[in-house]
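Look for chain A in each of the two complexes below; its partner is chain B in the first and chain C in the second.
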Partner chain A sequence: MSSTEVEVRATAAEAKRAAERGAKSRKIAGISVSYLILIIGCCIAIFPFLYIVSLSFKESTSLVSYPPKWIPDPFYFGNYTFLLGETSYIRWAFNTFAFAGSVTALKIFFDSIAGYTFAKMDFPGKEILFTFVLATLMIPFAATLIPAFLIVKNLGMVNTYWGLILPPLASPIGIFMMRQFIESLPKDLENAARLDGCSEFYIYLRIILPNCKPALAVLGIFVFMTQWTNFIWPLVVAKADEMRVLTVGLASLKGQWVTNWGVIAAGSVMLMIPIAIVFIFFQRWFIAGSMAGALKE
Partner chain B sequence: MANVEILEVTKKYKEVTAVDNVSLNIEDQEFLVLLGPSGCGKSTLLKMIAGLEEITRGEIYINGKLVNYTPPKDRDVAMVFQNYALYPHMTVKDNIGFSLKMGRVHKGEIGKQVEDVAKILQLDTFLERRPEQLSGGQRQRVALGRAIVRKPAVFLMDEPLSNLDAKLRIQMREELLRLHDRLQATIIYVTHDQIEAMTMGSRIVLLRDGVVQQIGPPQDVYDHPVNAFVAGFLGSPSINFFEGQLVRRDGTWVFASPAMQLAFPAEVGAKVDAVNHGRLGESTPVSIGVRPENFQVVDGQNARMKGEISLVEFVGSDKYVYLDMPSAHCLIRTSPWFHGKKGDTIGLEPDWEHFQLFDAEGRSVFWWNPEA
Partner chain C sequence: MQYSESEHKRLARAYRFKKYGVAYLFLSPNLLFFFIFLVIPFFWVLWLTFNSGGILTPTKFVGLQNWSRVLQDPTAWRSLLNTLYYMAIAIPTVFAIGMGLALLLKRTTKFVTPIRAMIYFPTLAPIVVGALLWIFVVHPDFGLFNTMLRLLGLPIVNWLGNPATALPTIASLEVWRGSGYWTVLFLAALLALPTELFDAAKIDGAGAIRRFWHLTLPLLRPTWLFAIVMATIWNFQLFDSVYILTDGGPNYSTATAVWYIYKNTFQFDKPGYGAAMSFFLLIITLVLAVVELRLMRKKA
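Our next item is the complex of A and B:
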C-alpha cells in the first residue's frame, strides 16, 4: 500500500470520526432541549399541587405571609385533625368511593357488553341504533341536568345512592370506545370459542373481556376520575349532609364571610390521593391501552 | 369419523354471491382440499360447514344428519384457523383443554387428554406457556392440538400453514399428512397454495367466483384441466398459453398464430376430430396450453416454434428460461445444465402427450364435458 493511499485512508477515517462526534453532540443537544422543556412543563403542572400541600400544613394565621414560605414552619396538622374530627369528611369520602366506584364498575360492565354487541353481533337496525347512541354525545350535560333531576325526584331517588349512580351511567363515550377496541379483536377468536361450545355471553365473559384489559383500564380510570371529581350532579341530587360527596362537602366548608383555606387545602390533598393511587396502579395498562391501536398486530 | 355431503349450497351477501350452487360429497377419512384464488368462496364454504356462516340455500349433511340449523358446537367439527385464533390470555394447556372444559369433562380427564395430545404434537414442554411466548410453528401445533383433543368427526382447516415461513410450511405439511394417517380423520382443507393442495389432497376442488371448476385427484386435475383457468391456476411456473386460430390444411389441423404455424401430429388431430362434435370449425379462435416442463429444446434452424432468450433463472434443480416470441412470451423449464444465454434463439417442440387445447371460451377441447 503506497504512503499516499495510507494518508487518504487515515483522512477518511478521521473525517468519519469527526462526523460521528458531530452527530453524537447534536443528539445530546436535542435530548437536553427536550428534557429542559419537559422539566419546565412538569414544574408548571406540579406547582399548584405543591402549593396546596404546603397550604394544608399551615395555620390559618400564616397562610398569607411575605415573603411566601414554601415549607411550613412549624408543620401544622390541625387542618387535617379538624377535617377528620369536626366535619363529616369520612362519610363524604365513603360516599365518594361508593359513588365513583359503583359508576366505574357498572359502566365497565355495561359499556363493554354494549361495545361487544355493536362490534361483533349482527341484528337489524344495528347501525341506526349505534348512530343514535353516538348522537347523544351532542347533547350538553347542562341540557339534561334538570330533566334528569326531575326524573330522579319522581322516582324518589333524591338523596340516595341510586339517584347518584344511575344517571351518570347513561353516557355513550365508553360504549364507543369499547366498540372500537373490540372490533379490532380477530373475528376468528369468537368463532373458535363458538366451536369450542361457548354461548354468546360466555364468549364475552371468558374470551373478549380478558383481552380488553387495556381498554377497560383506560375506561375505568377515565370514569373513576370523572366521577371522583364530579360536582354538579352530586350537588343537585345529594343535598343531605350524610349523602354528600367530597367535592360538595369541601365546597360546603367555604363560609359566606370566613373561609379556612388551610382546611380546604387539606381536604383537597386527601381528595387527590386516591386518584393518584388509582392512576399509578393502572398506569401500565393505561399506557398499553392508549398505544393499543398503534401497536396491535 | 364421518362423511360430509354438500347439496346445492349457495351463499349470498346482499347482491354478491360468494358460493354458487356447490355440491360435493366428501368421503369418510378423505383429505379434501378446497383450492382457489382469494375471494373464490372457499373459506365461506368451510365456515358454512362449521356453522359459522348461515347458508342462503342448499343443505349440508354430516354423517347423514342435516346440520343446516345445528349450532357450531353440536356439529362435531373442529376448525384450525388461518391466524391460529389461540386465546392469548390462556396457557397452551388451557387453550387445548378449553373445549373439554366447556363440555364439562372432569378436570383430571382434561389434564390427561391434553397431555396425550401435547405428546403427539411435541408440545409437552410448552404447556404452561402463553401463545405470545411460542414460535409460529408451535402456535400452529397448539391450534391443531385444540382441534385434535375434541376428537371431532370432521377437521376443517382454513389455510393453516399460510402464516409460516417456507421451510416450516414444508415440515408442517408432512406432519399434517402423518397426523391424517394416524387419526384416520376426514379433513377439509382450504388453501390458495396449489403446491399444498397437490401434495396433500386426496382430491382437489378448484373454485372460482364461488363456482366449482373441477373436482378430482391432484394428478387428474393437473393433467386434464377442464378449462384454461384450472390449467393456469395449477402448476408453478404457470402453463404457457398461445392465442391463435385452428385451421385445416391438407387434412391436418394446424394451429396458426404470429408465433408459430404448428401442424398437429396425426394422433392429436384424430383426438381433436374425436371430441370435436362440430365445436371447432375452420379458423376457430383457440388457445393452446403447454406447461413449462413439456417442451423439448430442438435445433433453432428448422424448429416450428422459435424464441429468443430474454432471461435465464437458475433455481437449483432446474433452470427457468424466458423466451420472447412474435406477439407471445413463453417460459420453459430445462435442466440445470442448459447453456443458452440471453439473446440466443432456440427452437422448441411441445410434448404432444401433455398438450392442451382450449376453445374461445377457455374450455378444454379434450377434457371439458358439457354433460358434467
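Our next item is the complex of A and C:
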C-alpha cells in the first residue's frame, strides 16, 4: 500500500465523519431555529393579554405615559371596583353563564339522542334528513339573522333568556359529532339490551350515554365556547342592560366619545380568567372540541 | 300461536310504525328548532326582500325594488368588496402561519403541549375581547404597535383612523386570534399522516420542500377542503371586530357585508333592504363554497 493511498483513505474517512458531524449540527441548528420561531409565536400570542393585565391596574390618566411602564406603579384597583360596583358586570356574568350553560345542556341532550338515531336506527327518510342537516352547515347565521329576530320578537321573547337560548339550538355540528362517535360503538351492547326487551330510550340513556362521555365532554366544551363568545345574536336580541351578556356588556362600556380604557382592560381580564383556568386543566378537551367540525369527514 | 297472513302483516306494520315513530320522536327536538330557526327564516328572508317597511312600521309589498336598490347601492358593493379584501388578507395569512407553526411543532419533541396551548390560547378570547384588546395594540397614543415604533424612533401611525390601514389592521386581529386554531388543526392532520410514505420519499432523495409539495399537501386534501370552506363561511361574516373597532369607518373603508346588513336592519330600520343583502350574502357564500369544493375535487 503506497503512502498516498493511505492518505486518500484517511481523508475520505475524515470527510465522512465531518459530513456526519455537519448533518448532526445542521439538525441541531434546525431544531433550535424551530424552537426560536415557536417561542416568538408564543410571545406574540400571549403578550397582548399580559399587556392588558398591566393596563387594568393603572389609572386611565397614566395610560399614555411614555416611555411605557410595563409594571404598574402603584397598583391601582379602581378599575375593578368601578366595574363591580358601578356597572352590571356581575349580572352580565350571570346572564352569560345562564345562556351558554342552558344552550350547552340542551344541545348535549338533543344532539346525543339525534346522533344515536342517525347512527343506530333505521327509518324512512334517514338519508334525506341527514343530508338536509349537513346542508344547513353552509347557511351563514348572518343570513337568517333578521327573520330569526322577527320570530323571536313575534313570540314576545326579546330581552328574555328564551330569546337568547332557543335560536342557537338550530346548529348541526353536534349531530355529526355524536353520530360519528356513536357509530363507532359496538352493536353487541345495544342488541343484547334489545333482546332483553329494553326500550330504545332506555338503551340510549343507560347504554349509549355512559359510553360516550368523552364525546359529550368535547361537544359540551365546543357548544359552551361558541355561545360564550357569541356576540351578534345577544347584541340584537338582548339589548336591555340587565339582559346583556358579557361580550355585549363589555362592548357597551366603550362609549361613543369618552371611554374609560382602564375599566375595559379590567373587564377583559375578568372575562378571560375563568377561561384561562379551565383551559389549563382541560386543554386536551378544548383542542378536541375546536376540531369538532373537522372530524366530520 | 299461529297468526294468519293478514294478521302477521298488520302486526309487522304496527311494529315498524312504532319503531319509526320512536326514531322521529328522538329527532324531533332538533328538527323543531331547525324548522323554526333555519327553514322558516330561509323563506322569510326571501319574502322580506320583496317588502318595504320597518320592524316598527307596517310592511308593504314593493316587488324587486330592494333587490335593484341593493345592486345600485355603492356602499353595498363597497362592503362586499371590503369583505373579500379582508378575506384575501386574513385567510392566506392564517393558513400560512398555521401550517408553518404546525410543521415546526411536528419536528419538535419537547414542550409541545405548553407551546401548543399558548399558541392556541388567543382563539379562546371572544372576538369582542380580541377587538377590545386590539384597541390597546393599535391605539395611536398608548397602543403596543406605536409604542414599538416610538422605541425604534419611527413615526407613529393612526392604524384605525387611516382608510388605507384600517381594514388590514382589523385583519391583523384575525391573524393574531385565528392562527392558533389552524395551527392545532393542521398539526393534528399532520400527525395523522402515514410516516412510511415520507420515509420512502426520503430514501428516494426527495428534499424537504418537495416532500411538502408532493406528499404533505396532497395528503392533507380533506383538511384543506374543510379549512378553506369553513374559513370562507366564517370570515365572510366579519362583524364583531368592525362593530367594536371602527363601526365601518373611516369613510366606509371597513364597512363589511354583515355590518351593513346590521346597520340597515337594526339602526336604519330597513329590514327589507337588509334582507335583500342577507339573501345576496347567502347566495355568494354558497357559490363560493361550491366553487371551492369543485376546485379542490378537480385538483386531486
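We take it that the second predicted complex is superposed on the first by the 235 of 297 C-alpha atoms of A that agree within 3 Å, B and C clash if a C-alpha of one lies under 4 Å from a C-alpha of the other, contacts with A are read in each partner's own complex, and residues count from 1 in each chain.
The criterion applied here is as follows: a contact is a pair of C-beta atoms (placed from the backbone, for glycine too) under 8 Å apart; a residue touches a chain by one contact, two chains touch by 3 or more.
Computed from a predicted structure; not experimentally measured.
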item: Which of chain B and chain C A:E127 touches, first, second, both or neither; value: neither
item: First, second, both or neither for A:F141, with chain B first and chain C second; value: second
item: Touched chain A residues, chain B compared with chain C; value: C
item: Partner chain(s) touched by A:N191 [first = chain B, second = chain C, both, neither]; value: first
item: Partner chain(s) touched by A:I207 [first = chain B, second = chain C, both, neither]; value: first
item: Chain A residues within the chain C interface of the complex; value: 30-31, 34-35, 37-39, 41-42, 44-49, 51-52, 55, 63-68, 106, 109-111, 113-114, 116-118, 121-124, 126, 129, 133, 136, 138-151, 153, 166-167, 169-170, 172, 175, 200-201, 204, 225, 228-232, 235-236, 246-248, 250-251, 254, 261, 264-265, 267-268, 271-272, 275-276, 279-280, 283, 286-287, 290-291, 293-294, 296-297
item: Complex contacts: residues of chain B adjacent to chain A; value: 47, 50-52, 71-73, 77-79, 81-83, 85-89, 98-99, 102-103, 146
item: Touching residues (chain side chain C, partner chain A) in the complex; value: 19-20, 22-24, 26-27, 29-31, 33-34, 36-38, 40-42, 44-45, 48, 55, 97, 100-101, 104-105, 107-108, 113, 115-129, 132-137, 139, 141-142, 144, 147, 150-151, 176, 179-181, 184-185, 188-189, 222-223, 225-227, 230, 233, 236-237, 239-240, 243-244, 257-258, 261-262, 265-266, 271, 274-275, 278-279, 281-282, 285-286, 289
item: In the complex, chain A residues that touch chain B; value: 186, 188-189, 191-198, 202, 207, 210-211
